[in-house]
């Protein structure tokens, strides 16, 4: 889709000349700021009125203060890097393989039926439960984290891709068949783009899952990373650090989503939800 | 469409380009089953244009879809250029009635037209030439970089036609291809159809609701009855070659055919309604 | 369509049913902008049928969509029954050119037709009556329980028409509504349009590519030029009331109008192409 | 083709792979002395003992109850919020960051907070499940309702279809392929969260039993818990396919089927 | 609990490897006892033995045991009970060092109840809900033993697993009746107005019982005997220094890697550190008790698994 990408780049350039408020990034940033203020106010109110007892749940200021301290530590960034490394690798593995298998299974009812039971058996197995086995086989390693992340996210992407393929308009597929378009090309130019709307949702969900699972793998399995720090803070009762880190994972989620939404607008420019409605 | 590498086929051929034998099609099973095609047999020879007319819901689209392997016929057989087919035959193109949905919304006009040419061992230049030629032929050269959802209905339909033309099929099936274009463009496109038949010797099956169009274009016109459909009558159109919009349509014979086909359709429909 | 609770409107009206003033429409912004409508002003009086013809891609669909508030006009104003509107006016119906996509695939034919009646304070019986009546009028009473994807193109289009009829609008906009139906059905539907105008005094704006159809149905025919479009000419059709397919179309005046409109369109298109 | 034999063949076809894998597992593990990978025979033994005895009432019933309640509540909230957020511009603008924010919080790390708010007991466990399911369904619903075919939207506008019918007859069905995908992902997530929610503060439940077995180095029991989770997953998905997916998406299957 | 600048970073104080030192990994759950290893490492005791020690934090006994068995960790430190349970299930483990043993004073663990609670003694726990960090933990065993010794029926107590901090909160909010916690949570609980009714570890176990141990796998014990010996010596040296200097413990507890708040560190009961070798007989008694309360299925001969490096 390289030519198309060029077209988008052109569109994006054009967009930059739009008035400030019409730019999505500006709107998003504004919403983030407003939301932060809202959350902060609610949190403070709950703390001061005692709904959240301060002994067990720190107030907003001290958590923010703590987060500020953490951000200044170089060691903190190293930890964050470890979490993000496993997140990125795991997501790529699960995203690519889930998309490919999903489209293959979605376009062949027979293949789907062949693997159906196995998929349904493996899918709901919680990463936490297979953790000891992963630990045993792979030790506290990056591979162990990746195994858990892929187990936690592969199925999401796979399933969305299966549903995505099924939602591709039958007439576009008929067109491909009539014009003798080869299977490979059909996959790349019709089934993939046609099912992208659902796959993209799947990958967005998976991106967050992957983050959650890598943190859980660190928290429960002892791999280094943000989760491990949460665990340490939890076991010494250091609530400020614990909630500062949890707060941070949420922020990571927002950042990840912002990035993915941007990508999505590029890839799905043609879809009704992204067409530039020129009203 | 300025090239002329293929000789026009004018001699009488022996092997039919398409041969349909005892085709029938029933949708669904059990009590919900619906028989669309009762029994159709006929032949089309290379370079012929056969028009198909019939009431709405007769089974014309169903018939075309069976011919190109998109639907599995319930019984009967289809031969293409002498060989019985299963699946979609090579070098066949179909202009869908549902033109809007047959275009990929993620590709612009040019890339939609080019899509079927990919992987067909054409040089880049050849490909571009074909795409440009056929877009020009349907009057869309200025909209090559628009996306389908930025086009009017008639323009979308013309993109679908351009795609079929660029493909240079041996057999071209067209399902009400000019339904959404204006009168003038329609005439131009009709002449385009005659021209490409002349130039490339393409065999064409053409479904239309416009009786005059069917006479103007067709070597023969097949009239279908209401579902479950059969061929009620095949009318051979004996108008001079080198047809043109003004002279051909004013010939007295044209009016004759018009009346004949009209009454054929009319009778059926009133019998269906009674 | 057997009821006649509304009086036919025959006296000369003073307030136009629809009034369009200086309408223009540009899609997109900046260098990619495309002006579809340059400047359109005109009026339609209650009970009138105005046909709109023009080349493919002129801006006819865009115009209808602006009129019913689906698209925001770039400039200009629209009045319905004397009141300037923003948004969609009440009791207006549109038969979409994209008929296939305008039906809900999860509702069967009957429920598709009934959908707009819901929440309109109609009794169950009244609703059923209207749905049945309009399905019968388009000849689909036998397919009431089929789903849109089980219908032929022409049948889908007729469902869309039935939906508009059952809604009993004051103003009915139709965008090439008979493009996919056969000649005979088309004539029946044309007469149906005349009949409901007669019965309910509906005001109708009718986009078509069929010049004869526009003359047969219209009190006036507006000819649009290519995009960016304006009204090139409004031709008032002075044929006797009580039109019918055989007599009206053979009147010499009919031929006159036909030639006039043809040449109007023709000239535009050739000037566009040069 | 005979309808009965096709059906039989279908079932056989679906069972080839799982049966083959189980057989391989059986023989591969039969002589195992590794405490982490006990023989399949032992696992099935433990399965029968654990889940068909008192364990059924003690562990399976409360877990399933939490699972079902949590899943239902989560799905409903997800769909309702999703439709609202998907269709109302300013709401989407305002809510996107919060939704994305909350979604990224790892449930195990949230346990202390959940305990603080909901105490210990079924409410907390249901709450954790709801929290997870909501976001998956929500996201899919938002995307689904935003991608509705524009012509259908136009139909609703022109015919001034009242909001509630627009919702029930148009938006929800149009978005249903995507919503169903979300609901389906939500099932496995709910099972996972059921286990997570029983990590702490639980005294019963399938997850509790499984994690407890793991804590006690009872790997045979742990495997039998995993087998049960898998069985629940399969059954839940089957029920879903039969009672939700088929009736809801019949039109899509019909429109896209090769007839 | 007040904020504690820089308490993040425990496992990640850049583990640069000096040339010639053998990498050696210790698995541990995050706990105050870890200050021993941090201290020894900081003082260079391990380097003196030619070891480059890396401390990895895991969240549970099984994770530590698994890590030792597959060789991810050379050694792990954990409570004696889960180690014994793992051995009884067939894990190939060796116990070689006691890091904490029951001291003649109270303060190792505590049973905290709400100030207004009617519970005043172990016996009152019968029929109540008690929170503690894990169900297969020493806390559960000793609480049951203490209740039995006080004449109650321990099977009538309902235990739930909660992180220590949450269990304090649960007691304060009345969601559970009592919480069994260890230092420094005892202090935290008391500060929050909870009442401590006793130290079941000290009450139930013989003085000198090793309740925290260091384990390794049978294979590592053979292959890396010298390294283990070095580790043992360095750790013992650190414990001896620390036991002699309680203020050092309090200040170490506040360092980044341990993360106890200043307030808690100053008021908390000191952890029972020990450099003595494992007392096999007392550990056997613990194993027998574990068997009696159902943690271990059959009689376990502890002496087979205790080694002296």
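Structure notes:
Order as written gives the chain letters A, B, C, D and E; numbering starts at 1 within each chain.
Note that in this section a contact is a pair of C-beta atoms (placed from the backbone, for glycine too) under 8 Å apart; a residue touches a chain by one contact, two chains touch by 3 or more.
For reference, the UniProt names are A = Aliphatic sulfonate ABC transporter permease SsuC; B, C = ABC transporter ATP-binding protein; D = ABC transporter permease.
Note that the structure is predicted; figures quoted are calculated from it, not measured.
More contacting C-beta pairs link the chains of A-D than the other of the two pairs A-B and A-D. With centres defined by CA atoms alone, the chain at the far end from subunit C is E.
Subunit A and subunit E have Cα centroids separated by 37 Å. A straight line joining the Cα centres of subunit C and subunit D is 49 Å long.
Rounded to a whole number, the gap between the C-alpha centres of subunit D and subunit E is 38 angstrom. Shared contact sites, meaning residues of subunit B that touch two or more other chains, fall at 27, 98, 101.
For subunit A, residues touching at least two other chains, in rising order: 53, 56, 132, 136, 169, 219-220, 234, 271, 275. For subunit E, the set of residues that touch two or more other chains comprises 60, 62, 66, 163, 165-166, 169. Those residues of subunit A whose C-beta lies close enough to touch subunit E in the complex are 53, 55-56, 62, 65-66, 69-70, 73, 75-76, 78-79, 131-132, 135-137, 139-141, 219-222, 224, 228-229, 231-241. Interface of subunit A with subunit B (complex): residues 3-4, 7, 169, 171-172, 174-175, 177-182, 185, 189-190, 193-194, 270-271, 275. Per the touch definition, subunit D reaches subunit E in the complex via residues 33, 35-36, 111-112, 115-116, 119-121, 199-203, 212, 214-219.
Of all the residues in subunit E, the ones that touch subunit D in their complex are 60-62, 65-66, 82, 85-86, 88-91, 131, 134-136, 158-163, 165-166, 169-170, 173, 175-176, 295.
Contact residues of subunit D toward subunit C in the complex are 149, 151-152, 154-155, 157-162, 164-165, 169-170, 173-174, 176, 251-252, 254-255.
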